[in-house]
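Each of the next two complexes has subunit A plus one other chain: subunit B in the first, subunit C in the second.
Coming up: the complex of A and B.
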């Protein structure tokens, strides 16, 4: 029971960091929020390790921590400092509208319509509903943000959300596969940051709406 | 020994030979001679083994089931099933492939220094290998892989001569039409999978009764469009007259001779083997498609003055004739008249092999001519019989065979098709009688028009006087090319002379299908090679015809040689032409020859005539210097079907651009909305 409350706490923190990612205007805070969210994910894996005693899961905790909590934020912070990208560009929707949609998506994920999906493991229904709302909100984050760094963070947050859903739905793949996925994400982060640098050098902006002539 | 030859190991060896031939050609691509030699030797070896393998398997009368390897994919199995029908098509592919490879060895030399011969050899060997796999694959996904390999290899061969912009355009058209066809084929197999739960042909066959009738009808339409596009049935034929002429001639011969027959193979496999029983309207539809294709194909051929396009249109015509046989087979089968159905199938198969022989012969002949005269325009030929007498003889044999003149092979397969249609007229109900009557009428009409067309072609190419300087520089082709053409010409005669034996073998192939097991063929063959229908409705004897035409031929020869020409002397005097020496401009052109027939069918062909007059004095216009007439034929399919379709697709695409704003956020929002809708629908 205690474990379930603790897990609920971890997912709640992830949810809040995602809301913060929506609301913050500063890239630095967004990166920190992502780091915190990833830390919660690493802790979720750690709880899983304590329950199962599987050493591979401990390895995953280590990799998640190293890649998502340490390396990825470091990459982004370097990028922000290098190009003085302290402030993010605007979102498509205003703050009240954004909050309204987040509330709507959370409500939808908890609605009776999605019960077949959230009751895959009945004792995790609350957690699964929350994880589903995390997925929806992360997708909405990609849509709502105009800036490239925010979008990369959004994609990573979406990946975190999907992993949370998979954990609570009991759909976990073998640890080897998950480590492979983490390695993939790491490579992707490296490529994405290089790509963002190139875009900035070419367009002097990270606002995706100004990148109309990518063939130039 | 035979058992050893007709084994999976030998089939695998043939595949390995083609792969080694393909890769080796690429390896030697820096030396044109080596690349050509390597690819030709391996293609010849593979096809020769193919002939031996198919003949041996036929004589053994056994079926082969085997897999190349087990895959970890549930749906995909590299499994093959070589039954008699597959053996028949393997034989046709090997036979034509052998002669085309022999021809290609000499023909490819004129590409030396211009294009990469290694690439040509690679693609040619891949084409041969994929053709082998297409007719033997027994898993739908494996079949599709082989089908794609065949399509891609043939596409790159079509655009091989890429310096000509028309060839590149023809290749693009071919590729688009191929993929349209493939989309329908994939739909067919997906529907089959939905109801039978398997991509294996034998499983689909066993469980075909689980497929609802409406779905079966939909599958039939998909198969007709998908495989019909490859076969070149009207109105899905537009790629064929463009693509076949564009490819190197030995490839054109392969494409026209055997590649388009893979469409026919799959129609027979599906309609008379896998999807049983079949409704009556399938047979009626195939008959109507056959009628339209044969008749319009030959009419369009008549209007052509490009030699390879003319031959390509004749392929459409002959596919129509084959479909008349297959269509009557499906119709009779639907009516449970299996003996007559077998007769129809035999007619279709016999014409398939015959067409493969004479059409590849004609394409190879055309290639030899183009190689010497450097144009495909028949108006610039004339008098080539003096410069290329052997090619002229081979082309004449091919022309007579395709025109269904006895005693060549084309006559006997068309005779069988006629008999099949006549039996329909005699035995069926009133409405069906009409369809069979129209089919027989169109076949008769087609035969007459084909003869006219080849009189035009042969006379325009080989007779009279040269109409261009290039003709006077023409020489006979190199030995390998002549041997290849001679071999095919010999086969055109042989398959005619031994039409009885060939018919017997084809009836064995037909009887191997589960549908015709223990069904007695409606045609019997006597020891003297006489074909006779049950009940004595009709009979024909190939040796008697040979003897008759031989005697007539000899009589005419001696009559002309020793009686008519005996007292003829060349006399000089004033001629009616005001003293102007006779020259090529006084000859009737191929366009002029066909003009009267084209005008009879002007409502179908929509001919356009442009006249241009040049005057000595442009201001007075009383003294014309020259008067030229250019005749063209409008493409009604392009005008009334493809262009409106293209316009519709283009306009729809322009409208749909609204949703494609170039903004990643918008695209992701589409994904998001789609996800939400999907979840709402599914949950």
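Coming up: the complex of A and C.
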């Protein structure tokens, strides 16, 4: 029971970091929020290791920590400093509308409509509902943000949210495959970071709405 | 054995391409490896035709549909390697790309080919997902190859849209695993495990999972409404890569969807997946037909044509029976004809220096062979008899007319619209009178026309006769799907 409360606390922190990612106007804070979210994910893996004693999960803790908590934020902070991208571009929706939609999505994830997904492990129903709301809110973040760095962070936040759902649904895969997925994510982060640099060099902005060359 | 040799060839090629600096050696290596890759692809397909499912180790296996896709990748890969050598030689002469860039191109091209082979041969859905994601990562820099603002824009859209799509696909994939104990095979759950445990999967869960998978991998296929990255990426990528994206990546992504469809059908019956294929299929045809009519860029035109053909293939699998036969044949013919059209488009770009339709004037006189090839490509892809796509469309529509007459008539109407739209652009580009005075007449290099000529011959040949081993594979796919 104590363990469930602790798990709930970790996911709640992830939820709050995701809301912060929606609301913050400073890229530095967004990166820190993502780092904290990833740290919570690494801690979830660590709890899983303590419960199962599986040493491969410890490896997952290490890789998640190294890639998502340390390397990715470092990449992004370097990028922010290099191109002085301290302030993020406005979102498509205003803050009250954004908060309203977040509330709506959270409510939707907890509704009876999604019971088939949240009942995969009945004792984790509350956690799975929260994880599902994380997925919805991360998807909304991708749509609502106009700038390149925020979009990258949103995609990574979506990936974190899906991994949380997988953990609580007991759907973890072979550690080799999980490491393969993490390696993919790492390469993705590197490539996306390079693209942000390229976008800035060509458009002198990190606002993706300035990219209007390709239309019919 | 062949599979290991194939993958070893690809890995060795990538390593050598990274190490070697001499351009001639790089080009020779790319073409030679392409030839070896094609030979192994044929040997694998022959083996599958003979034994059914060909497995190598716990991690890799190829079924009939996989063998067909492998053949497509091998043929397209080899032809693309040959064409790319001449294409980039011409671009280097014009000062568009330098030596280092060509090396980067071939390295990424082979990473892309390897990822596609792995996605097709992976016996685990997660391994297949990792490979499909690797195709996105390897091609992102190829799409932004020319380092222009529009290319960066196209590549960025491609990267973000496909990554989000694939994450949703990943989520759907994991939902299928609720039927299988996570401890099975040490957590390495394969396609066969999913099929064998399908009766354990909750029907509602199977439906939700398939929707996510279809949206996720459907983004990679380019089915509407997830198609928005396609015109941007295809038009900005180097022409030879466009051929591979349209001709090889599309069937690979479709292959993964079909693998999940088998599991879903085993749980809830085929009606559910067929309905979804029907909706996405007809929507893709309609969207493509409406936009193609007013297209201003001939590479974007080819992208919309790919969206339309992805829709036709989806319709074929939706109708079932004869429709599946039509869909598989359509997949094969479409890959070939997209090579013809993208290679021809590359030749047009080299001659005119523009991918705008209104800049191409009197091409039939300026580059006659390329023009004839493009026109033939247009006739083939729009389903003009006696080419293969005519027959594949007839099979699909015949299957649909009985079960879904309204959708079939709608499909016929919009396919006709595609033909008219395409014809309008082809007429403008190849038969208009005015001509730019400073253009050099004639083809730039014989090796720029040999690959598309090869594909025209191949399509014409396959339109009238299918080799027995390929027929065996197609029959096996029809039985399974």
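We take it that the second predicted complex is superposed on the first by the 213 of 216 C-alpha atoms of A that agree within 3 Å, B and C clash if a C-alpha of one lies under 4 Å from a C-alpha of the other, contacts with A are read in each partner's own complex, and residues count from 1 in each chain.
By our rule, a residue touches a chain if its C-beta (ideal position, glycine included) is under 8 Å from a C-beta of that chain, and two chains touch if they have at least 3 such contacts.
Keep in mind that what you see is a predicted model, and the values were worked out from it rather than measured.
Chemist: With both structures lined up on subunit A, is it a clash or a fit for subunit B and subunit C?
Modeler: Verdict on subunit A: clash between subunit B and subunit C.
Chemist: For the overlaid complexes, name the partner, subunit B or subunit C, with more touching residues on subunit A.
Modeler: C
Chemist: Check whether A:116 is in contact with subunit B, with subunit C, with both or with neither, and answer first, second, both or neither.
Modeler: After superposition on chain A, A:116 lies in contact with both partners, subunit B and subunit C.
Chemist: Is A:200 touching the first partner subunit B, the second partner subunit C, both, or neither of them?
Modeler: Touch partners of A:200: none, neither subunit B nor subunit C.
Chemist: Could you say whether A:92 touches subunit B, subunit C, both of them, or neither, answering first, second, both or neither?
Modeler: Only subunit B is touched by A:92; subunit C is not.
Chemist: Would you check which partner chain A:151 touches, where first means subunit B only, second means subunit C only, and both and neither mean what they say?
Modeler: Both partners, subunit B and subunit C.
Chemist: With both complexes superposed on chain A, which partner does A:142 reach: first (subunit B), second (subunit C), both or neither?
Modeler: It touches subunit B and subunit C both.
Chemist: Subunit C: which of 4-12, 58-66, 130-138 or 436-444 bumps into subunit B?
Modeler: 58-66
Chemist: Can you give me the overlap between the subunit B contact set and the subunit C contact set on subunit A?
Modeler: 116-117, 139, 142, 151, 208
Chemist: Mind pulling up the subunit B residues that touch subunit A in the complex?
Modeler: Within the complex, subunit B touches subunit A at residues 662-665, 668-669, 671-672, 675-676, 679-680, 683.
Chemist: In the complex formed with subunit B, which residues of subunit A make contact?
Modeler: Within the complex, subunit A contacts subunit B at residues 92, 108, 113-117, 136, 139-140, 142-146, 151, 208-209, 212.
Chemist: Given the complex with subunit A, which residues does subunit C contribute to the contact?
Modeler: Those residues of subunit C that touch subunit A are 124, 126-127, 129-130, 133-134, 137, 140-141, 144, 147-150, 152-157, 159-160, 163-164, 167, 170-171, 174-175, 177-178, 182, 185-189, 202, 204-205, 208, 231-232, 235-236, 291, 294-297, 300.
Chemist: Spell out the residues on subunit A that touch subunit C in their complex, using ranges where they run on.
Modeler: Per the touch definition, subunit A meets subunit C at residues 116-117, 120, 135, 139, 142, 148, 151, 155, 158-159, 162, 165-166, 169-177, 180-181, 184, 187-188, 191-192, 195, 198-199, 202-203, 208, 211, 213-214, 216.
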